[in-house]
Structures are given as C-alpha cells and as structure tokens.
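Here you go, one structure.
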Amino acid sequence: MTQLSVNGHDYAVHGDVGTTLAETLRDELALTGTKVACAEGHCGACTVLVDGTPVLSCITLVHTVEGSEVTTIEGLRDHPLVDAFVRTDALQCGFCTPGQIVSAVALVSRTPDPSSDEIKHAMAGNICRCGAYPKIEEAIRTWRD
Amino acid sequence: MARLIRTEKEVEGRYEEVWIVVEEDALEQWPAGPRRIVGQPAARIDGRERATGQAVYTADLALPGMLHTAVLRSPHPRARVTHLDLAPALALPGVHAAIGPGDIPQLVDECNYQGVAVAAVCADTLAEARAAVRAIDARFDVLEPLLDPDEAVARGHLLAEPRVRSRGDVERGFADADVVVEAEFRTQVVLHNSLETHQAIVEWVGDGVDVHISTQYIWGIRDGVAEGLGLPPDKVRVVCHYMGGGFGSKNSPDDYTFIAAELARRTQRAVKCALTRREEHTAAGNRNATIQRLRIGARSDGTLTAMSGEFVNAVGWGGWSSSTEGPMQMLYACPNVSTTTHGAKLNLPPMKAFRAPGFVEGTFGLEALLDELAAKLDIDPLELRRLNHADQDEVEGRAYSGKNLLECYRRAEAHWNRRHEVRSRSTDVVKRGVGMASQIWYGGGGPPSYAWVRVGSDGRAAVVTAMQDIGTGTRTAMAQIAAEELGIPLDHVTVSLGDSARGPYAAISAGSSTTPSMGPAVRAAAADARRQIDEIAEQRGTPDAPLAEIVALLEDAQILGKGARGPNPTGMQVLTFGVQVVEVAVDVETGEVTVERVAAVHDVGRVINPLGASSQIEGGIIQGIGHTLSEERLHDRVTGRLLTTTLESYRMPTIADVPEIVSELVDEPDPHLTNLGSKGLGEPPIVPIAAAIANAIRDATGADVRRLPISREEMLRALREAAAREKERVGAPARV
Amino acid sequence: MLELRRASNLDLGAGTPIHGGTEVVPQLRSGLLRTDTLVDVRSIVPRGVASDRIGAGATLREIEQSGEVPEALRDACRLAASPQLRAMGSLGGNLLQSTRCWYWRLNWPCRLHGGDECFAQAGEHGEHAIFANDYCASAHPSDVAAALVALDATLRTERRELELVDLFRVPTEDDRRATTLEEGELMLDVSLPPVEKSVYLKAMDRKRWAFPIVGVAGARIQGEIRIALAGVAPMPWLLEDGLDTATPLPRNAYKVELAAALVKRARAALA
C-alpha cells in the first residue's frame, strides 16, 4: 500500500510496484480527467503536477511520488485558465485539453504574463492533433481577462 | 406532407443513390449575413466538460464487471500462421476467454499486412490480458511481401481496375501548347494519430448489444455491427458522447469491435478492446503514399491546353483508391484532361479516409507543377489561376450550386501583395518567399439526417439527435441554428446526441458533412416546432405574443417538432473552394523550413459559428503543416515492417511549429443548398497548404521540392539541384 | 514481482538505478529493460548546479534555468526533449540514455541486442550515424552529452574520475555496450574547466521536442576550440579530424552537409 495525496485528499492505493501514477489515478481512483494517449511519455496528455512541477504521469511510478502533492485537472476546475480555454475555443475534441491546462497552470504559476516565445517553449510537450494551438496560446496570454 | 424520393448523395467524392423523406414546405434561406445567433461567435456548449476532464470518452468508460482485451497482431507484412496454441494464455490468472482464426472473420491465419489481428484474449486487467497474449504460442511462416507501388502496378496487383477519366483530346492539347511542364511527385504515408485510440466496449444486453465506441459514425457502426453479428439493426445500440479525434479513421466498426463483441458473447460480460498507441500507428488506417506523374501544357498567354496524370495510390491491402486525380480533373477550366489512377495492393496496412483523401495529395502535385508552369511562362501564379478559372464544372458539365473562388482570389490579393516585402527580408542564409495554392473539395453533405425539437412550458428547447460531435463543434452549431429559428436565447437550448437508441438517423461526421447534413434537419425541426407554437398563438387570438408566453400555457404538454434533411440540388455540383497564401523562411545551409504566416480564404457557404470555423481552419492548416514538413510513417525496405510506431518517431507539429494564421470566410450562403446554404469546413483547410508551402519555397529559393515530407534531406537536395541549374544557366555560353 | 528499493548510501547493491525514470520506466514497460529490482537513487545523488560543477541528479530544467552554467550546456538542456521530460529527467540519466534507432527500440535482434546484424545499414538509416558506423549505425541522441564533451567535462563517480568523453564507447563485436560504467557504479557530478565561450546549435525535425538530426556543441577553452556532435555516431563525437573523415551510409549523406553548416556557424560564433 502506498500513501498518495491527490488534490489535497489522502488516498491509500494498492497497485504493485511498476504501476504508473496515471494508471492509479484513472483505474483505481476513477479520476479519469487525466488522459493516457501514448503511455510512453511522448505526448503530454497525461500531464499532472507533482509538487507543482509538470510531469508525465504515464511514465511516473506511483511508488515514487509518495509524500508528494499530486495535482490533476480535477483539482484545477476553478482555475481561471479553464474559463480562458473555453472562452477562446482553445479545444476541439478535448482529449489533450486537461494535460494542456495542467501544463499551462504550471507556466502561469511561475510566469503570470508569459510572452509568445515562453508559451511555445513551455507548452511544446503537449501534443494537440486537432491543432488548437493558436487558441491555446491566446487562452494563456489572456487568462486573467 | 412528406414524400419519399430517390436522390444522389455524395461523401468524399463518392456518389450513391439513396431514398429520402422530403417535407413539402421548404424553408426559405435566411438572407446573407450574421444573424442574432447564427453567424455570431459562440463558445462550445460542452467546452467546460471537455476542459475540466469531466467528459467521459470511451477510453474513460468502465462498465461494471468489464473485461480488458489484448490482441495478437501479425508482426509480419506477409506470413502464414503455422501454429497457434491459445492454451498457455487461457491458463494464466485473470483470463476469461481467448479467440483465434476462424472464430470471427476478423481473426485470420493468412496475414497480408502487419497489424492484422490473429488472436485476442480478455482478462480482468489489461496487464493480465497482455501477459496472456505474450504467452500465446504462435508461429509464423514469413513470406516475401509486395511493397513497391510501381511493381504492384506492373504486376496488375491492384484493388480494382485502373480508373481512367478523360475529356477532350490531350494529344492535341499538348501539341497546341507553347510550354509543357512535367514532373514526378511523391507523397508519404501519413497517420491520423487521433489522441484517443480506436476502441469499443461491447456488452450483450437481452437479445441485442450495446456498443460504446469512439466513432465518427454512430449509425454506420450500428449497421455494420448488425450485419456482422446477424442482428436486426435496432437490436444494436451505439453510444458515443465524446470522442477524441477521428479525422476519417473512425467510420467503421473494425476488428476491435467484433473482437470485443465475440469475447463479450462468450463471457457474458462487458468487454473493452482498445488499441494501444503502437497499434494505432499500425492497424488504424492511414493516408496512403502516392506517386504522381504529371504533365501540364499551356499557351504562352497562360491558358491551359492539356493536363495529364498517372497516379499510383499505394493503398495497402485494402480500402479504396481515392481521387488523387480529383484536383486535376476539377479545379480548372481545361478542355483536354486525361488521368489514370491505380490502386496498388500492397502488403501494407490498408488506407482509411483521412481529411480530404486524395485531394490533399493531388493538390500538392498539381499546384506545385502549376507554379513551375507560371515561372516558365513568366506569369504571376495568382493570375494564372484566375485565367483558368472554371465557371462551370467541366467534368460533368454541371453548374456549380455556389462558387466564390474568384472572390477568394480577390481577398487573397492583400496577402499575395506582401511578397515583395517578404522577399526583401531575405538574408544570405535565410531566404523568404510567398506561395499560394487553390482549394477544391466537397462539403455539401446530403440526406438523410433527422432531428427532433422539444419545447416545454419553460420556454426552453431540447434538440434531440443521435448524431456525434467529433470535436468540430457541431453540437454548438446545432444549438445556434435551433435558437435562431425558434427566436430564443442560445443558452435556452440543449442538444442531446451520441446514442442511437435516443434519436433518429444522423449522417456521418466525415467528408465535411455534419453541418450541411444535420444543420438543415435541425432548422426544419425547429421551424416545425415554431409553426405549431404560432398556430396556438393564432388560435388564442394573440398571433404576436412572444414564444415564452404561449408555451407557458402548456403545463405538461410539449411541442414536438421534427425535421429532415432535404435533397441536394439535382444536376449541380456542390463544392467548396478556397485559396491559401503562405510565407516561408528557408535556411539554405541547413535546409530548415519555417512557415511564418498562412492566410486562408475559404468559401463554404453560410458560416454558422465563426469562432468554431476559425478553429477548424487553424486545425486543418496545422495538421497540413505536419504532413508537409515532418510526418512520415516509415517501413523497413527489406522486410516491410513498420519502424515509426510511437509519437516520438512519428513527428506531429507542436505549438512551437505554429505560424501566424489569418483566416477569412467568404460567408456567402449557397443559394441552392438546403434551408441554410452551409457547407462543411472540416476538410477544406488542409487541402492546399502543402502546395502553398512548396510554392513559397520555390519563390524563396528557386528550389523545386517534389516530395513530402519536405525533410532536411529533401530540402537540401532541392537546393543543391537549384544551385546546379543556376550554375549551368550562368555558365552557359551566351547565345548569339 | 518488481521491487523498488530506496538507496541510502553510495553502495548500490544489485538492481537497476532509477532517478527521473524517463528512460527506465518506458524501457521497462516495453520490454527493452528487464530487471527485478529498481534502486531509487534520488536521495543519494548530488543535484546542485554551479558554473563549474553540476550534480548528476540535477534536472535538465534546473540546468536550463540556471544563469551560471556555460551557454552550450544551458542551450543543450533548453533544446532537449519536452518541458515535462526536462522537469523529470536528470543529467546523469540523460547521459546514459539509449539510442533512438528504431530497430533497437523495436527490439529487432540487432548487434546491440546481442545479435549479428545491424538492420539500419541495409534498411532505413536516414536518422543514423555518419561516423564509426561500420559495426553499429546507431546515433547517440543526447544534446547534453555533446555539450559536455565540447566543454571538456570531467565525470566523477563514487569510485573514480574520468573524462566525460570516456563514459562513452563505440560498441564492438566483443563488447556491445555504449557506456563504460561498471556494475554498481554511480555517477555523482560533472565538473567543467573555465570556459571562454560556448555554443550549442541543433537541427531537428520540428521546432521543439525532437532528438538531434545533428547537434553541434562548441567551446573555446584557453584559446582552443573543441567541437562535439550529437546524432552522428554511436557516442557523442568529438570532432578532431574534421567532417571529411565521415563515412555516411547511402541515404544519410545529407547529415554531413548539415553538420558542416552548423560546425561553420559554431566556429564563427566562437571566434
């Protein structure tokens, strides 16, 4: 059993060593907001925050984040970035969107007013096949509006 | 009064005859221009659910007692299974059932492409299912695969007879030409790579099945599953509330649905079968590679006299031979055109429709060669397109239902005129240039499609459909149409979709057909509801009372409106048009190509939601940049086995690859098309971008790129060749 | 059953060390790495970042964001991988990462997997090596390794000090390994001599989040210029004899042209 703190709640989770954080969140804790699109760390859909740092939950072993604070999209529902994404139409099929928002939250927490270059650099690890990128950038630039 | 008529329906360039129900009192189109709600930007009404992760995709769905599946797929492009023992798999913990060749048609022992399904196991967990598949004792006799498209053509190893389309006399046309250009173009295999992989959950319920599936075509899945399982269609319920991308690849049930259905039947449990990302690269379809050998002739004034092309679609083991010749046949006025298209049957995974199949590839070759012609004739490329504008469709001699391509060219001028300034910003090492390309594609949709509108005493309306929203924002567009027609606020309208048991037939979300197919049905249903409300108001003696006042009288009674998509205009070509102007910067020492700006002008009839429309344009352009510059599915030339099976080796654009995109829609309702005059926008934006980039590269550097993707290798090759040509030209002795 | 142990001292014992896990976890799950025990070394590997000494446990993001390290190292980190991978991945792990060669990654029985053929040579080698490629054509994918080789870094492990370039080797018939780390050996930090100027230039397939087609690191140390390349050989390639000694394969000669352009630019930047 491993102790996990997710979105301010404590859980005791049961996966064997080798279980990823993404599998634990989605399968054991039914927190399916975090998506898995590649399961190899290539696309960023599974991005969550571990102690505020954006990481790929699909290649993070759940046993290595005991004692850390995990934040998923479920814990960010009231963040102004969510409204910014919806307002600017920064999503299409929506499958990559939770991961995009988590990465964006990490960016604006450090840099509240990022430039276009800073946005492109910080968000390059979140693939969007629908190509919502221009509006994702707009959402991040205008998140405080 | 309704009647049944026979009419023509088109999806992605393929025509078929269908029966449809037509309502007699047709609605007049709205006058052109943005209205109270239609034509105004609207945020997605399900945006918050998607953004917060609350939306449940098939990938997120876990039904009670659900089992997980792993599939043994052929690792070889061509092989025979000589030995298959499922017993070791069945002996492992958590395993409930295993099936193999012969149990269902989708499991085979004659393997003709890598990724074809051979066996499948379901277990309590995915890990257990995978361990079980690894335990299967399977032996393959590896055979020599056929991989080369030209060899397949030479051998007659084709999907069907070659498609020959000719008009006029091309021999004569080329003889009449003052200048003839010809070249060979090659495009690569491109993968859809939707972020939600292909997957389905099947459960037998009573004497029918429930199918939860990530799909673009709920009703097609229903029919396909019914046929495959030998059930009456209404015994098959198909559910898809949210799906994570399709781009054409999710139009049919495919092997995973039938695998899940059979395992569900045997275990009497719900069974999920989901493709892994590597399987998605292998067994989920693709835009096939093409070889195009093109020839264009023109008079010195720029009039096209002849065009001919040999097109080889490297289709793979199945699918169909898409219309790569379409742009050459349809885009311009030219009396003499002859094309031959082969569908090469190869030991490679079958193609599937991918956002304007054939036309993306064909527009690249055609528009790039046209620019070479323009250079030889010393005529401005945009002017060359105008000169050869087709006022009516020359393939079948029909009038267009609506065509504003000249208006698109006119609006593109402002962007085209930037080219002098753009070029002037070139340095020794970074050359800048501007290129353009025209777009033609389908997008008229067609019958049948139906909707119901329910209005209650609270003055709110529910649009009841069984359509799907694949991420293009069609749900929001339907709400806008209903709100506009009923005269109520947008937030008083809900749209239900996604369940074949809870609504009437809806068209496929492919071929840019959702808005032009479902939209008119929704408007008709809302108008029917409106009419009934107006009749009540009339009876009451208050014909001008607001809707809210009339429906407040209803108590538990409801107004139920129904609407159907009427026929397309007979004898007319319903098409979409556009033009894109691209600015690029090319580092001539490293071959790096940067797309700096794209201006897109598209003509798709009336625009319902300009916000959603601009997203479709941006998305299509960005997907197009991917296939132009960095995406390629590679296979090993010796064995035919696939090499790029991860999202790291198959490189799609990131946010850092995005140029400035300026988009404009002509927004002129097609006067002959339905009660809306709207066409689809899902595909048009991806069609011309590759050609426009190639043409911008030529403008910047003089280099002719002839293949996609325009990798460093291809760019450096083209630059070297251009430099050699320049040296020859400069070094050639002066003519006396 | 996989076991996870937390190392408490430098004596690792048996097992596979894991730090950020960005190579170990995917390789474990795809069957490229087989092990019974993972040893979490995060608490024992130094992770400080200074201009002349960087802990093997420092993440690429920490190095990228440090104002102190030489430009070549900072840019190599900045242009490597994705933001999430930079936040997770350690310097040490980055140096030890395996090739991206698709034949190797897809577990074909190639020489690095103990077999007797290099499938890239007759197959698809457009992304592969142009130097030292006669036995194995794999390319070393680490931007950071090339930068550190150009910066003439020294690697300190728990048992010895060595020139960083000696951490790497070209696989041979007798020894198929790409690194020289011994059993149970743990990297601790890298130290750098005073550097006058340095630069890292990278050619990749998209603007971000791609491995180097060719990466060129250059450094001027005591008036001498050192150039090292990523993506061109089975190990980070110190360019001592120039690009004329390249031995491209039939379909990757374009890498020589590309490398030449970037080397010329790097030298100009260091002049």
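Per-chain numbering from 1; labels A, B and C assigned in written order.
Here is the rule we use: a contact is a pair of C-beta atoms (placed from the backbone, for glycine too) under 8 Å apart; a residue touches a chain by one contact, two chains touch by 3 or more.
The shown structure was predicted, so the numbers you read here are calculated from the model rather than taken from an experiment.
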Pairwise touch network: line, ring, star, complete, or other: complete
Chain pair showing more contacts of the two, B-C and A-B: A-B
Whole-Å gap separating chain A and chain B, where each centre is the average of the chain's CA atoms: 29
Rounded Å distance, chain B centre to chain C centre (Cα mean): 40
Two or more partner chains touched - positions in chain A: 39-40, 120-121, 123-125
For chain C, residues that touch 2 or more chains besides their own: 207-209
Two or more partner chains touched - positions in chain B: 646, 648, 653-654, 656
Residues of chain C that touch chain A when the two form their complex: 1-4, 18, 21-22, 25-26, 28-30, 38, 40, 42, 78, 81-85, 87-88, 207-209
Contact set on chain A toward chain B in their complex: 26-27, 30, 32-40, 42-43, 45, 72-74, 76-77, 82, 85-87, 89, 91-98, 101, 119-121, 123-137
Complex interface listing, chain B residues touching chain C: 589-592, 594, 629-630, 634-638, 641, 643-646, 648-649, 651, 653-654, 656-657, 711-713, 716-717
Residue ranges of chain A touching chain C (in the complex, touch as defined): 16-18, 20, 39-41, 44, 47, 53-56, 59-61, 63-64, 103, 120-125
Of chain C, residues touching chain B in the complex: 100, 102-103, 105-106, 119, 122-124, 126, 203, 205-211, 213, 251, 254, 257-258, 261-262, 264-265
